[in-house]
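Please see the structure below; I have some questions.
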Amino acid sequence: MKNIPFKGVIAYPITPFDHHDKVDIPLFQQHVEHLVQSGSHGIAPLGSTGVLPYLSDEEKEAVTEATIQQVNNRVPTLVGVSNLTTEKTVYHAQFAEKAGATAVMIIPMSYWRLSDEEIVKHYDTVASKISIPIMAYNNPATSGVDMSPALLKRLLEIPNVTMIKESSGDIQRMHTLKKELGEEVAFYNGSNPLALAAFSAGATGWCTAATNLIPAHNINLYEAIQNNDLNLARKLFYEQVELLQFIVAKGLPRAIKAGLSLLGTDGGQLRKPLLPLSESEVSQLKTILESIKNK
Amino acid sequence: MKNIPFKGVIAYPITPFDHHDKVDIPLFQQHVEHLVQSGSHGIAPLGSTGVLPYLSDEEKEAVTEATIQQVNNRVPTLVGVSNLTTEKTVYHAQFAEKAGATAVMIIPMSYWRLSDEEIVKHYDTVASKISIPIMAYNNPATSGVDMSPALLKRLLEIPNVTMIKESSGDIQRMHTLKKELGEEVAFYNGSNPLALAAFSAGATGWCTAATNLIPAHNINLYEAIQNNDLNLARKLFYEQVELLQFIVAKGLPRAIKAGLSLLGTDGGQLRKPLLPLSESEVSQLKTILESIKNK
Amino acid sequence: MKNIPFKGVIAYPITPFDHHDKVDIPLFQQHVEHLVQSGSHGIAPLGSTGVLPYLSDEEKEAVTEATIQQVNNRVPTLVGVSNLTTEKTVYHAQFAEKAGATAVMIIPMSYWRLSDEEIVKHYDTVASKISIPIMAYNNPATSGVDMSPALLKRLLEIPNVTMIKESSGDIQRMHTLKKELGEEVAFYNGSNPLALAAFSAGATGWCTAATNLIPAHNINLYEAIQNNDLNLARKLFYEQVELLQFIVAKGLPRAIKAGLSLLGTDGGQLRKPLLPLSESEVSQLKTILESIKNK
Amino acid sequence: MKNIPFKGVIAYPITPFDHHDKVDIPLFQQHVEHLVQSGSHGIAPLGSTGVLPYLSDEEKEAVTEATIQQVNNRVPTLVGVSNLTTEKTVYHAQFAEKAGATAVMIIPMSYWRLSDEEIVKHYDTVASKISIPIMAYNNPATSGVDMSPALLKRLLEIPNVTMIKESSGDIQRMHTLKKELGEEVAFYNGSNPLALAAFSAGATGWCTAATNLIPAHNINLYEAIQNNDLNLARKLFYEQVELLQFIVAKGLPRAIKAGLSLLGTDGGQLRKPLLPLSESEVSQLKTILESIKNK
């Protein structure tokens, strides 16, 4: 029986920095606490939202430990351990397991477009070195490689690769996954504006940074789906779709930081080259957030 | 109040030819009769499925008249009148109106990529010459022009342009349409494999050729949505999605003709350059159809 | 030995209309005469520039006859006879041959994306009904189908398919064509802004509407290449590249008509839905043309 | 007067590893020596070919120093210092300057799609901390961001950003650069299969890994262009184009390593996840290399 520890809304915290460009761990833990208390069904540090690739090894380790300590087993944790080289991916996956992570997420980062053989070998090597489950993450826009359903099928034959996160932005891909991988495959939607379509298509969960800003809306949408109430789900989705589109268009770390400030929470500093949203973008975000609050 | 005569499953008949490459009107009428009796909520001759652009003016007129006579007001009719030139589009729109069509469908066919101004002028000219409603049809793959939500908004200001058919294949486009054009806009999905996602997003109807082959599955899907039963809709969708993908991949007229033969109905001949499906394609289609029948 | 009657600059006249939307044959013949006298190495009526798909059969026939009469064998003629159906393509190809055309150009127009088999059958059927050479034309943006080098190779096995016009806009395609089809294949560039790159890659000719406006610049570029003078060819190309980009971006019939007016020649009327360039576009074109004149 | 130290063929060495996954510096220096002695006009370590992103800071520093020591001012050196964060990019740029690099190359690596403001700020910060020239590198496929001609124009206003390397693979982009940035802009082609087209368009140089395998062919092509002999350049280009296409399709480090072995030179090991070419790929490469040798 496959070990599939996640369902529902899996929340991605940002990694806040202080004014000296150091990771602000206490502030990070406040964000994690807020995500847990808001009802998130899982916490996923060191994703794209958490600017994983911008962090040093020591910073990644500190964020991993801070998450697990703060969450304290109230919900499962999913730690991002992707790295360009196989050796470093193994290193971080082992660190996460030892620190107490429930599972790890791995995207086949590729400066060079990896062949199918290279990708299978990469996952296989990492999987053989840990015993917690792995979520394989497909996001061609970020990784430069689009893992076909056939390739994902091969990955799922590795015993502890048990979950797929799909962010290609093409809803038809999810239909194909489900048809080709079997009705029982656990796939997760990573494309925010496809939240309704993906749940309609049978996604097990939704990986999202939006929960930093509008947790109740995200969770209510999931519950409407669970209650088989499409009309309510549709209504809730259209209430939040503009925010979902906005945070994707502007980049998750920048948009979430700005949104937190608008909601009265300290979002910390960004690490350069990332810059804060412009004034007009902040004002646009403010309008969107207010319109959601009034619904 | 906008005149919006369609909802549900709008069925697209093929145009069958005899062995002398003449349109086989009696056979066409049998197909139409079958579509009506199977519960289709509307009949749409002279679409892409009906190889509109391959027909002479006289053939288009004969098909229009045969449809209206056969349907005999049991359900509304939506006649395709698209043409490369504005003058010919007006001609066919007027013919359809006079013949008794409920509405006409118009895609801005463009050998030359039309500007927004040219498209608005085109629709405006045709609209001013008829009084039945117009469905504006966006299908960049076919027409070579992608009508933006902003442009569609301008078209909807023309009084008798009351409906939009969207076939860009991007579900996010439907979300944007609904947000930008208002919750009340009537949009129709023309991309078969998006049937579930589009209904989830609030589509008023589904324009499809699949009804020639699996009418009950198409109509049951719509009814599940009407009954707010997402779980049932999802189950029904996955039962038919392979057929929906197949007929799109192989081309609707070719795939429908082959499917009709497999179901024991005469699909007539194709007009060249279109050729019948290969033997292996027919065999693949047979497997798909049998798998659906057994569900 | 293959019959390859074209090289150099093959000029595409527009089809001008009068104020009653009739083809203005005398004006068309003036344009053709100007193209011949300016040194064009071939004349190609009824191309995209000549709005072939917007014309009735009678209009196509009149334009064909007017061209052949006016050119009067001073240079070879290449008549566009593409049609959606195979039967009509045969009809127009036979008409062109009987009227005295040197060769015909055929693009596999496809409302429905044609399979390789359908395309081969289409060309083969037409080729078997005429004895003059055929130029196969690849332009995915216009026809909706991208003929692969492998498919073009199959077409070249048909005895009177002897030339390829390539307008996919990808210079690497031309390299591949030359490698795969043999150094001796005659390929023609149909993408104006690639004129220099295509000649550098070994194109036999350049199919262009620019000759209506700047014949000397087009022909001088070809002659510099013939003289193996890349430095001069590059200089000449950069002098005209803005015009080449402009006429493609705005649509050839609209841009050429506007340019003719600016040069003091009557460009006639456009057939709707095509509309004249806007005032600001005309002004932009004026600046470009003046800048070329001063070089 | 702009400081533009490169022209001609700029050679990219691979970074070879030993059997313990350590950078093999002595072997690397042999490769560099071969590139210099073969007539390369510049040496560019730590590019994509040199798997820059797969290296630790210490490895990057060792490669930088080994290059500069080995080249010993015989030709200029161009050191890759791109990094995801601005701070690390500054760090490596300063290291390269101090070590004696002639110039540095910087691509705006972006896990998150950077805004124009972020990119300008990134280059501006780095440029202000060094005094050697910077080559700004545009490669959307690798970096995830496509720098428009307008943005590149802004970058060129930074005093020591003096060169542009363009690898978008679209020859029209080079035409636009030259028109918009002025005839005097120094742009370099980074897309191997566009070598002939880019030189025809006026590229100052060609950044290539092919020189590891066929240096004479690369350099002869450049010299033919310098001698204004397009016919010879075209002949030389078609002799090598299959190799250029092959190394791009298979990934430069993998293909170069395999090619070196075929030529009797030790290419070292690859760092995982990169794997050697398959047997059939090696055999294909062998055929290509032999066919070139026989020309």
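Which chain is which? They are A, B, C and D, in the order written, and residues in each are numbered from 1.
Operating definition for what follows: contacts are C-beta pairs under 8 Å (C-beta built on N, C-alpha and C of every residue); 3 or more make two chains touch, one makes a residue touch a chain.
These numbers come from a predicted model, not from an experiment.
Counting steps between touching chains, the shortest path from chain B to chain D takes 2. Of all residue numbers used at the contact between chain A and chain D, over half are used by both chains, marking a mostly same-residue interface.
For the pair chain C and chain D, the distance between mean C-alpha positions equals 38 Å.
In this assembly, the C-alpha centroid of chain B lies 34 Å from the C-alpha centroid of chain C.
Chain A and chain C have CA centres that are 51 Å apart. Shared interface positions of chain D, i.e. residues touching 2 or more other chains, are not present. On chain D, the positions that touch chain A within their shared complex are 21, 48, 51-54, 84-87, 108, 110-115, 117-119, 121-122, 125, 141-142, 144, 251-254, 271-275, 278. Per the touch definition, chain C reaches chain D in the complex via residues 169, 171-172, 175-176, 178-179, 183, 193-194, 196-197, 200-202, 225, 228-231, 233-234, 238, 241-242, 245.
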